[in-house]
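Next up, some structures in structure tokens.
Both complexes shown next keep subunit A, but they swap its partner, so subunit B is in the first and subunit C is in the second.
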Partner chain A sequence: MLYYIGKRVLLMIPVLIAVSFLIFSLLYLAPGDPARIILGDDAPESAILEKREELGLDDPFLVQYFRYIYNIVTRFDFGISYATGEPVVKSLLERYPVTIELALCCMFMMIIMGLPIGILSAVKQYSLLDNVSVTIGLVAVSMPNFWLGLVLIMIFSLRLRWLPASGFYGIKYWILPAMTVGFSNAASLLRTTRSAMLECIRQDYVDTARAKGQSEIRIILHHVLGNAWIPILTVIGMTFGRLLGGAIISEQIFSIPGLGKLMIDSINMRDYPMVRGGVLMLAVSFSVMNLLVDILYTFIDPRLKTQFAHRRFRKRAS
Partner chain B sequence: MRSKNKAERNLEKNSMLRETFYRICQNKLAILCMVIFAIIVILVCLAGVIAPQGYDEQNVSNAFKTPSLQHIFGTDNFGRDIFVRVLYGGRITLLVSIASTMVATLLGLLFGCIAGYFGGAVDNVIMRVMDVFMAIPNMILAIVIATTLGSGMVTTVLAVAVGSVPGFVRIVRAPILSIRTSEYVESARAIGAKPAFIIIHHIIPNIMAQVIVQVTLGIANSIISVAGLSFLGLGVQPPTPEWGTMLSQARNYMMRSMYMVTCPGIAIVLSVISLNVIGDALRDALDPRLKN
Partner chain C sequence: MVQTEALLSIRDLSIQYVTRDMGCCRAVNNLSLDLQKGETLGLVGETGAGKTTIARGIMGIVPNPPGRITQGSIFFKGEDLLRKKKKEMRKIRGDKISMIFQDPMTALNPVDTVGEQIEEVLKLHQPGAGKEEIRQKAVQMLETVGIPGERIDEYPHQFSGGMKQRIVIAIALACSPELLIADEPTTALDVTIQAQILELMNKLKGEMNTSMLLITHDLGVVAEMCNRVAIIYAGEVVEIGTARDIFKNRSHPYTQGLFNSLPSVTGEKTKLKPIPGAMPDPSNLPAGCPFAPRCGYACEKCMAEHPELLPVEGEHYVRCWRAAEEEQHGIAAG
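Entry: the complex of A and B
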């Protein structure tokens, strides 16, 4: 078990290094001379040369890359923002909790909407509820969240005036963004839950449990859901990553001061260190989340656990 | 015409294409969605014929009109006809989405076939590179690429395509791993066929079903990504009408006109739903075992 977790964590390191390299080189190629962006267009040539020297922009690409990584690893220093002149990491850490909060709200919304309805529609397959929820699920999966967000703002903020359209200061502000992003993700969770449950619901052990006289609720929650967890958890885990990416759009719509909005604003100001830091942070969170889900599998699925428990033994035997 | 013997006729009756077609015809929802998508495509292609006025014909005194016979979706903040803009916008959105899916499919086929067929170190290298791309959420990758290359139609195609390549590689590679060891591939290799020949003549026809399904669903996803990127201002730029760009402009006038928001949105939702349903139906029809 520990062997497996250790291996996965170690395997993640080269991926993260490659991700940072990819992002660094992509943004390195982005148009515009950083020194000119900082100093403005009408700065004298000598000042720009001086600034380039100061920022180390004349060094070879690889030197710049390794310096960047070295600074992050040793001092957690993501560079200085071109726009504000402050350390990037300060803004990132300021905005990061908001994005996580938003993602958690969306996850909550997604789970309370998707999971129970998915279970119910699998249990009562082909009933009215099943048909309605499958249809709504299909529509919701196909709906881009930026459009849903605008429609929700139009209905609940502008017409009914029930909820605020922008900002992120309390529960009232969380509802619309969480619904916007949660809805389509709830739909994919619903579809996955339903099909995973349906796969297990016709198994022999369910009939056995029923024959033993166990209550229907226990059968559904314990015997069926217990075996359907893997795909459901995969979707929940992967959604968290998508939420971090999708957050960019919802944060933009609802003017939520999170990492996503920071990135778009920085892109518009050509503040590349900020963009680089933000992207790295989101990518790292995404990878860590995927890793956690993978590790979680081994806890909920005993089959995987035994596979790794006997690994050493099997190797010796072969 | 030569007469066919019984076995040949049977074979024809059971040909995959015909069977697939027959199964799809039984799925009424899929037929409906095909009709909807066909109508959307035809309307969009014939935009110039249906709408004599241009998509950028402004008439400020005529702004924010509600739907009427003259402007069936109303007019926007510059008095431009929203229906006409949705039609012309569809051209760009659909074209960019389809193009990016095609690019992703070609790259996915190329890398997937190479990884699956040759296996070993080549496979390892390709899949590890794909892991790196998968470690970055698609939207973020697209945003970074669009930032670097600047906005515009071609860069939008690339930005959206790169994110979907890993998905295609995985879809293509998985079945090849089992096809590669099958007897007909082995015998082809035994008579001296080159890898490229085997891949094109023996492997690709066998994975075509999965690829077609993935392409259909891929276009649906691309529409959302392309519109999303333009919505953020990183994709297709105004004044070119594009569904995402139109929504992004509509944001500023939500108090004045609901049609500016609803019409392009409904166009997106209809296209994406119909493609998703068609994709699901194709998957069920091409491989009934997958149906749950």
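Entry: the complex of A and C
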């Protein structure tokens, strides 16, 4: 097991190198001279040349790239923001708690809406409840986040004046963004849960449990859900990983100072080091969540655990 | 009509599956059966004859929807199971009546250890027992079916097919049921394992004094295991009698067809004679004898009138106009 985890952690390294290379080269190729962005259009030519020298922008591409990686690895230095002049790491870490908090709220909304309804609609397949929830789910999945966010603001902030429209000062402020992001994700969780449950609900071991005299609720929660976890957990884990990189659109709509808003602002200002840092952060969050989900799989399904053990023995044998 | 002497007594049971696009599928039709204490009754018939539906009907686990028990009664020790509340049925399932399913590969929950799965049924029906006691019992059950007790914490995928079926048997017999329903327990296993499993079931059945309803399409299994045999066709009993009656004096053309489609070890090498045609569509059963369209002896009466279950000799009954008439002629001539 430890061997497997270690291997997976090592495998994250090439992924991150690839992501960093990709994002670095894309921004390198993007039009615009960073020195000019920092100093402004009116700056004298000599000052710009000096700045270029200082930032090492005249070095070959690969040299710049390796310098960037070297600084990250050795000093955890992601560069200096063009816009604020502060270290990128500082801004990222400042914004990260906000994003984590928002992500947790969204996950909470998603799970309490998606999971129970998904289970119920699988158990009562083709019932009224099932049809209604599947239809609502379809609508919710197809609804764009920015539109839903604006509608929610119009109803709950402008018309009813129950909830604030923007900012991040407490639980009240979280409700609308969490609903906006949570709703569409809940719909996809609902659909996944439903189909995963349906796949297991007709299995023979469910009949075996019935033949034992087990109660229906325990059959559903233990025998059916117990076997349906893998796709459900995948959706939950992937969504969480994605949200940790910042809920870009809803952060923008509700002016939440999280990673997503930081990214959009940085892109607008061509603050390349910040964009790079943000994308890397997203890649790391996503990979880590991926790894966690994969490790969780083996606790859910014992068959997967033996698979890893076998692989290890095969390696040893050869 | 309550049969006091029979352990299980099914009267006029009909089970239908009703779906919107397929219409009404009559899987079991006016079926009556008796099972005495301690005996093994074989239910024999081809795929789709309604054997498994009968078993599910007795267990009270006909999938609903689409399945529905439309009429009849199932008396178990004099009490009608169909009148019982769900909660009461749950107490009976797994404890007094238990079931072995066809495919051991899928009958066990892949994410629970085999121990947990045996303990589950014990916990449900022996609520007074302590944790340690239940685990002891589970280990003991595992050893009873010939699996070392130390494998109790392993998962189903770590066992072979034959061993899984042993575990399924251990679950079914954990509470020493009075009636065991075995739905094709050996169909999914290879022949050498089949013999072992049948032997094990026979042995445990004797030890626990359990009665058994054995569903199979394998006449060899019937010969080895059953005291009495009921031949099922299109959801009804077409012939019923002791194993001897059925093997020596088969009367129904369908039963004869079943035997003709078996290869013979001793006799001359001849081509097998399969029964031509297929089972009638259960959503559109013919008015007369359901076997008539496939029957070589069918006459006009067979097509028009549904035959009754008529006595041949002693406990031996057959649902065939011709066979019954022949029998009467035979008696008259003799």
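The criterion applied here is as follows: the second predicted complex is superposed on the first by the 307 of 318 C-alpha atoms of A that agree within 3 Å, B and C clash if a C-alpha of one lies under 4 Å from a C-alpha of the other, contacts with A are read in each partner's own complex, and residues count from 1 in each chain.
In this text, contacts are C-beta pairs under 8 Å (C-beta built on N, C-alpha and C of every residue); 3 or more make two chains touch, one makes a residue touch a chain.
As the structure is a computational prediction, the values presented were derived from the model and not from experiment.
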Putting subunit B and subunit C on the same copy of subunit A, do they fit or clash?
fit
In the superposed arrangement, which partner chain does A:L2 touch: subunit B (first), subunit C (second), both, or neither?
neither
Identify the partner contact of A:V73: answer first if only subunit B is touched, second if only subunit C is, both if each is, neither if none is.
neither
Taking the superposition as given, does A:I217 touch the first partner, subunit B, the second, subunit C, both, or neither?
neither
Looking at A:F146, would you say it contacts subunit B, subunit C, both, or neither? Reply first, second, both or neither.
first
When the shared chain A is used to line up the two structures, what angle, as a multiple of 10 degrees, is there at the CA centre of subunit A toward subunit B and subunit C?
80
Please determine whether it is subunit B or subunit C that touches the greater number of subunit A residues.
B
Considering only the touch criterion stated at the top, classify A:D301 as touching first (subunit B), second (subunit C), both, or neither.
second
Taking the superposition as given, does A:L160 touch the first partner, subunit B, the second, subunit C, both, or neither?
neither
Quick one: is A:I171 in contact with subunit B, with subunit C, with both, or with neither? Answer first, second, both or neither.
neither
Which value, in Å, gives the least CA distance between subunit B and subunit C in the superposed three-chain arrangement?
12
For subunit B, which residues are in contact with subunit A within the complex?
128-129, 131-133, 135-140, 143-145, 147-148, 150, 220, 224, 227-228, 231-234, 244, 247, 250-251, 254-255, 258, 261-262, 264-265, 268-269, 272-273, 276-277, 292
Partner subunit C, residues of subunit A touching it in the complex
203-205, 207-215, 223, 226-227, 300-303, 306
Which of the residues in subunit C end up touching subunit A in this complex?
59, 61, 89-95, 98-99, 101-103, 106-112, 117, 120-121, 124-125, 155, 157-158, 168, 171-172
So in the complex, which bits of subunit A are touching subunit B?
14-16, 18-19, 22-23, 26-27, 29-31, 138-139, 141-144, 146-147, 150-151, 153-154, 158, 195, 198-199, 241-242, 244-246, 248-249, 252-253, 263-264, 267-268, 275, 279, 282-283, 286-287, 290
